[in-house]
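First the structure, then my questions, so here it is.
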Amino acid sequence: MSAPANDTCIEFDNVLAGYGEFMILNNLSFKAKRGKITLLLGPNGAGKSTVLKAIFGLTKMRSGAIKLDGENITGASAKDLLVKHGIAFVPQGRNLFGQLSVYENLELGGITLGMKTTHERIPEVLEFFPRVKERMHSLASSLSGGEQKQLEVGRALLLRPKVLLIDEPSIGLSPMVVADVFKLLRKLADQGTTVLMVEQNVKSALKMADEAIALESGRLVLHKRADELLADPNLERIFLGGAHAAPAPSAASTV
Amino acid sequence: ADAIRITSIQELSGTGATAGTNFKNGMALAIKEINASGGVLGQKIDVTFADTQSNPGVAKGLAQKAVDDDVFAVFGPGFSGSILVSMSETRRAKIPNFTGGEAASVTLQGNPYVFRTSFGQQTSMPKAARYMVQNLKAKTVAVIYVNNDFGKGGRDMITKSLEIMGAKVVADISTDPGKLDFSAPVLQAKQSNADVIFVYTNEEEAARCLRELKKQGVTKPIFGETVLTGQKVIELAGDAANGAQAHIGLSVDAPVPTMRAFRARFEKAFGYIPDHNGIKGYTSVYVMKAGIEKVGKVDRAAFAKAMQGLSVSAAKHPGVLMDVSYNDKGDLDRESFIVEVRNGKQEVKEVLPALSKK
Amino acid sequence: MNDFIQLLLSGLASGSIYALAALGFTLLWQASGTINFAQGEFVMLPAFMMLAFSSLGLPLLLSFAFTCFVAVIVLGWAFKRGLADPLLKFGMMPIVVATLGLSIAMKNGIRAGVSAEAFPFPSLFGDTVLHLGSAAITVGDLGTLAAALLLVLATQAFLNKTVTGRAMQAVAQNTDSATVLGINVPRMIFYTFAINALLACAAALLVTPAYLAKFDMGEGLSTKAFFAAIIGGFNNSRGALLGGVIVGVSENLAAHYVSAAYKDAVALVIFMFVILVKPQGLLGKKVERKV
Amino acid sequence: MINRNVIAGAIGLAVLLAVPPFLKSYGIYLFSYWLVYVIANMGLNLTVGYAGQKSLGHAAFFGIGAYTVAILMKAGISFWIGLPLAMAGCFAIGLVLGFPALRVQTIYLAFATLGFNTAVWLVMRNEEGLTGGTYGINGIGRPEFFGLSLEGSLAFYYLILGATILLGALMWGLLRSPWGKAFTALRDNPIRAESLGINVQAYTLLAFAIGAMYAGIAGALFASLVDFIEPGPFAIGTSFMMYLMLVVGGPGYFLGPLLGSAVGVLLPEWLRFAQAWYLFIFGVAVVLLMLWLPDGLLSLPDRLKARRQAREASAARAAAAARVGGAQ
Amino acid sequence: MSPVLKVSKLKKAYGAIQAVGGVSFDVRPGEIFGVIGPNGSGKTTMFNSVLGQITPDEGQIELHGQSIAGVSPQKLNQMGVGRTFQTLQVFGKMTVRDNLLVAAQEHHGSMFSRMFAPGDSGNGAKADALINQFRIAHVADKKAGDLSYGQQKLVDIAMAFMSDPALVLLDEPCAGVNPSLVGGLSSLLKELNQTRKSSFVVIEHNMDFVMDLCHRIMVMVEGKVMAIGTPAEIRANKEVLDAYLGS
C-alpha cells in the first residue's frame, strides 16, 4: 500500500453528514495525526459525536470522504473498520448489553478477535478496572453509572486498537479514574495508537492531548496544538463561558 | 333472456370455512350444470359468492347488499347466528333464503321466506335418538359435543329426544372448538359407563375424539349425527373411525345412484370428496330450479308460496339427488340413513324412510 | 389415581406440543425483541409443504429435510429481508401488526390456494398405544415429548452457552452497540429467523399428526403457546417447556375435575397469577429497572 | 397546520353527513359499522396510542357494552338507560383492568389484557342464562330518540355519526388539556413522569377506563346495529384486529382511528372483487402499509413535515456555520 | 432550624453487595449539599432510596421532620422535591418545550380541573425562560430524543426546576455539559438558593463545580460516609484525598 509518507491518520474531507435530511456536519474537513491524541471540543450540539459516528457509519454521509492513512474508508462496514483498520469506538451514552453479564459484555467486545485471544486479554483489561472486576458475573445493567463507563472503555481496550475513537470517557467517572484513563490513553498514544477523543472536561483533557479541534455548528472553528491552546489567554473566554455568555442570538451560535 | 341473479353468502373464512366452502362448491357445480343445459326456464343463473368471515355482523351487511342488488334468492349463511340476522333482512325484502344451518330456531321464526337444505336438528335428532334407544338398546348415553351454536343446539335437541324415548344422558360433556386433547372428555364418557357414546362435533374434533376413544380402549358403541362418519373424518381418524355409527341425512356414500354420480362429478371438478355441505349446496340450487319451474315464471312471491309443500322427486329432477319435500315452515323431509364405518368405508346399515312416508 | 395418570400423560403430550410452538416465541423474544403473531402460521406452512413433498412420493423424513430448506429461505431469509430488516428499528408495534397481517395473508392464502379442508398427517413415531396400568399413551406422544425436551434444551444451550447465541441476544438488546463491536448484525438476525424457521418445521412435523394440517391450525396453537411462554418465562427457553406442560396438564385436569366449559379458565387463572406475581415467568430472569 | 386539520375535518364531516342518504342500505350499514369501530378505536387510541399501555383486550369492553345493552333491552329496559349503564360498567371494569398495568408493562401487559379478554369471552359463552351462551341474543332492536324512531338504517346511522362527533370532540378536548400531555409522558418514560409528580397510577387507570368506556359505547351501538350478538365478535381475534386498525391508522394521531378503521372495515369489503383471495390480499396490504409507513398512515404528513423542517434546520445550521467562519 | 432532609442509618444491599451501608446526614434549609465519592460508592442508590424509587432495607428518611419512607416519587414531587437523573431520562418523543410543560403541570389545580385547563397549563412563559437560560431555544421544538447527549442532559435539569421545588436532588448534572454552561448552572443554583431559599443535594464528579458551589460536602466510600464538611475541610482531608480526589 502506498500510503502517503506523512503523519496524517484520520482525514475528514469536506464531509456533509447528518440524520435524515438534517445535515449536522457542514463540509467538515480536518486531519488527525498518527500516534497523537486529538481532542474534539465544542458546545453541546456542535456535532462532535456526529463526527465519530460518521466514521462508523452510524450517521449517513451525503458527500465528502473519510480517509484512514490515505485510504478512503467511507461506508466501510463496522467489521472491516475493526478488523482491517484496527479502529475501535466507544460511543457516548449507554452501550452495554444490560441483560448480559459483565464478562459476557467483554466477550462480545472481542468477538472480532476470536474467543481465544479475548479470553486471554480480559484479565489484563480487568486489572485496570478493579471495580468492574469485582462485579464480573453481575448483569451489566446493575452496575453504577461510572462502573458501566469503565466497562465500556475496557471493552474497547481489549481490541488493542490502532485507532481509538472515544466519546466523552470522563462522563460519570470519578476524578481519580479519569486521571487513570487519561494516563492510559497517553501511554497508548505514545505506543503509536491514534486517539480521537471528545471531551467537555476541557482543561484536564488539554493537559494530556496533543492537538485540539473545536467545532461549532458542525464546522471547524479552531485547530491548534493542545499546549498552545492551554496557554491561550482566550481559552477561558472561548470554552469556559466567555463567548457564550455574550448575548449572541443563540440560534446563530449553536443551531 | 335475463339471468336469474342469486347471492350466496357463506362462511368462506374463519371457523366455518370448511362447511361454507363445501356449500359454495356444491352450488357452483350445480349452477354450471344447469347453465350448460339451458338454464331455468331458459334463463341462466348468475351467482355472486360472498364471505361472512363467520361473523354475523358481516353477514348482515352482505344480506343487505343482496337486497340492494334485488336478487332472486339468497343462499346461506350457515351459522345459525348469521342466518338469524340475515334472514330478517331478506324477509323484509321478501327474498327467498335457503340455508344450510341446522339450528332449530331458524324455522321457528315463522319466516315464510326461509328454507332449509337439510334436516334441522329437530328432525334429525329424534331419528338418531330413536335408533340409539331402539336398536342400540341405549338406556344411558354420554354426549360429547362441541360448545358452539351448532354443537350446543344438537346437544339440547338430542337430550330432549332421548328423554322422550326414555333414555337418560348420564354424561354431558362440552368441548371447545379446535380442541386438541380429548383425553378428559373421553375419560369422563368412559367413566359414566353409558351404553352409547354420542359424539357431536366438527370434523377435526370428531377425528381426534375417535382416536382418543380408540386409544383409551372404549368398547361401547359410538354414535353420531352426519359428521361423525363423514368421509373427511374417516380420512383424518384412520383406523379409529372403524365401528363408529351415525344417522345421516345426506351422504355421498348413500346407496343411491344419483348420489354416487354426483360424488364423481364433484371430485372431478374440485379434487376432493364433498361432505354433506357440498350436497346441500348442490341440491339447494336444483330445488330452487324445481320450484321456479313449478311456478312457471321467475317470481319471488309466487316461488316462496310454491315452496311450501313442494315435493321434488329425484326421478324428475335428478339434481336433487333424493326425493325431497318441504312443509309450510321451510323444513324439509327426505329419506335418511344409518351408517357404520367398516374398513375405512361408510356402509349403510339401514334406510330410514322420510317422516311423511310413515 | 389411574384417571389422574391418564390425564397427566395426555396433558404432557399436548403440553409438549404447546411447548414446541412456544419455543419459537421465546427465541424471537430473546434474540430479536419481537413477537411474531404469525408464529402459528409459521408452523402451518411447513406442514403443508411436507404434505406437498410427500404427495410427490418422497418419504416423510426427506420431505422434512426439503421443507427445512425451503422454510429457512422463505420463513427465515425472506422474512428477515422483507419484514424484520425494515421494521425492527421502529419498535414493537409495526412488526407486531405486520406479522398480524402476515398471519391473515398466510392463513387465507392457503385456504384460497390449497384448501379449506383438514388433512391427516403421518406421525413420525407411529401411534402404537402403550399401557401404563389402565392409562394409555401413544408412542407418538412420547416421541413428541422427548423431541420437545431435546429442542428446548438445545435452543437454550445455543443461546446462552455459545458466543453466537449471546451475540444474537446482544443484537436484540442494543443494535447500535452490537454494530460498533463488529457483531455482524444482519447475520445474527438471519440466524435468529433461520433457527426460528427450523424450529417451526420441527414443530410442524411433531404437532401436525395431532393438530391435522389445516389453514387455521395456527390459531389455536399460537394462543396456547402465548400462555405457555408467559407462564414459563418469555426470556428463557426452558420456560417454554415448563409453561407448555403446565398449560397442557392443568387444562386436562381442570376439564375433568372442575368444569369442561371453564377448562380454559384454569390455564387462564394460572396465567394471570403468574403475570401479576412474577411477570417474568416462572423460570424467567427478572429485568432490572435501573434509574 | 391547525388550519389544515380543520379543513380536513370539515370536508370529512360534510362527506359523512351528506353522502349516506344517497347510498343503499348496504352502503349505509357499512358506514355505520365503520363508525362503530371508529368509536371503539378512539378509546383504544387513548389507551395504547397516547398512554402507551399495550392493551390486547379491547374487544372485551366492546362486548361488555354490547351485552349490557342487549340484555337490558331484551328485559324491556330502554337503550337510553342501558347505554349509561354500559358506559359506567366498562369504565369501572376498565379501572380494574388498569391495575395489572401498574405492575406489568409491555408484552406482559398485552398478555394480561389478552387473558382478561379470554375470560370475558368464556363468561359470555358459558353463562347461558344471562348471555344466551353460544346462541347469542337475537332481535335486540333499536332505540327511539326523543320520540323519533331510529329503526331505519339511515336514522340509526345519524345517531352513530352524532355519537362519533360528540365523542371525538370530547376526546379532542381531553387530549389538548394537560391530561393529553400526561398520557403521552406516561407512554414515553413512566419513570421520569413519576418523578415529575405525574400520578402514574391515576393516569394509567384512567387511560384504561376511558378507553374502555369508548369501547362500551361502541359495543352498545354495535348490538343495536347488528340486532344480534354472540360471543364470537368479542373474542381476542377482534382485539387483534382493533390493534391492527389502530396501528395502521397511526397510534397517537387523533384521526388515526378514522383511517385505521376504514382499512380494517372498509378495505376488505372493497377487496371482495378478488373473490377467494380477498383476505389474502388484505393481509398483504396490511404488511405493505406497515412497511411503507411503520408509524401509521397519518404519519405521512408528519414525515413530510419533518423532512421539510430538517431541510430548514440544515439550512439554518449551514448559515450559522458560515457565520462562524473559522479556520478552514 | 429543623433540617429539610434528614437521612439516618440508610442501608440497601443487593445480594452480597452492600450498596449503601448505613448513611446518615442532613440537609439544612437553604443549603447546597454536595455528595462525592468513587464510582460505585452508593451515591445514586442513596438518591433513589430517598426519592422512593427503590425501597431501602433499613433507615429513616425525613422531609421537614416528617418520615417519607415508602412515599412514592410522585408524592415526593408534589411535596416539593425535584430531581434529575444520572442516565438520560427525557420524554424522547415529545418536544423539548412539551417536556418542560409536562414537568410543571401537575402542580396546578386538581386532576379534575386539569382536564379542562389549557394545554400549556399556564406555564408557557416559564418554560420559555428556562429554555433560554439553558440555551436550548433553537431546539425547543425538536423531539427531545433527537438531541445530543449534553442537550438532553440540559432538558433533564431544566425539567427539575419547572415546578419551583424547595429541594432538588441532582445526580451528576455536569456530566456531558459544556463548561460554558456548567458555570451558568452553578450561578442558577446559587441564585435560586439565595432568592428562594431552595436547598440542593448534588452528586458530582466535577470537583471545581462542587467545591465552588456547595456549602457542605459528604464523601461516600463503599456505601459509608467517610467525611462531611465544608469544601475546605474536605479538600484538606487526607483520607478523602487518598480515596477519591487523588493527588
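First chain written, first letter: the chains are A, B, C, D and E, and each begins at residue 1.
Methods note: contacts are C-beta pairs under 8 Å (C-beta built on N, C-alpha and C of every residue); 3 or more make two chains touch, one makes a residue touch a chain.
Since the structure is predicted, the reported quantities are computational estimates derived from the model, not experimental observations.
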{"item": "Third chains touching both chain B and chain A", "value": "C, D"}
{"item": "Which of B-D and A-E has more C-beta pairs touching across its chains", "value": "A-E"}
{"item": "Per Cα centroids, the chain farthest from chain A", "value": "B"}
{"item": "Length of the line joining the C-alpha centres of chain A and chain D, rounded to whole Å", "value": "47"}
{"item": "Rounded Å distance between chain D and chain E, as computed from the means of their C-alpha atoms", "value": "40"}
{"item": "Inter-chain centre distance, chain B versus chain C - centres from mean C-alpha coordinates, in Å", "value": "36"}
{"item": "Touching two or more other chains - residue numbers and ranges from chain D", "value": "125-126, 191, 276, 279, 316"}
{"item": "Overlap residues in chain A, where contacts from two or more other chains coincide", "value": "19, 94, 142, 251, 254-255"}
{"item": "Interface hub residues of chain C, defined as touching at least two other chains", "value": "107-108, 111, 219, 261, 264, 290-291"}
{"item": "Residue ranges of chain C in contact with chain B within the complex", "value": "3, 6-7, 9-11, 13-14, 17, 107-108, 111, 115-120, 127, 129, 136, 138, 210-212, 214-216, 219-220, 248, 251-253, 255-256, 260-261, 263-264"}
{"item": "Parts of chain A lying in touch with chain E, wherever the complex brings them together", "value": "19, 42-45, 49, 92-94, 131, 135, 142-147, 150, 168, 170-179, 200-202, 239-245, 250-251, 254-255"}
{"item": "Footprint of chain A on chain E - complex, ascending", "value": "14, 17, 36-40, 44-45, 86-88, 132, 135, 137-139, 146-151, 153-154, 172, 175-181, 183-184, 205-207, 244-247"}
{"item": "Residue ranges of chain B touching chain C (in the complex, touch as defined)", "value": "12-15, 17-18, 20-21, 147, 173-176, 178, 180-181, 183-185, 187-188, 191, 203-204, 207-208, 211, 214-217, 232, 235-236, 238, 272"}
{"item": "Chain D-touching residues of chain B, taken from the complex the two chains share", "value": "12-13, 15, 49-51, 53-57, 60-62, 64-65, 67-68, 80-81, 84-85, 88, 105, 147-149, 151-153"}
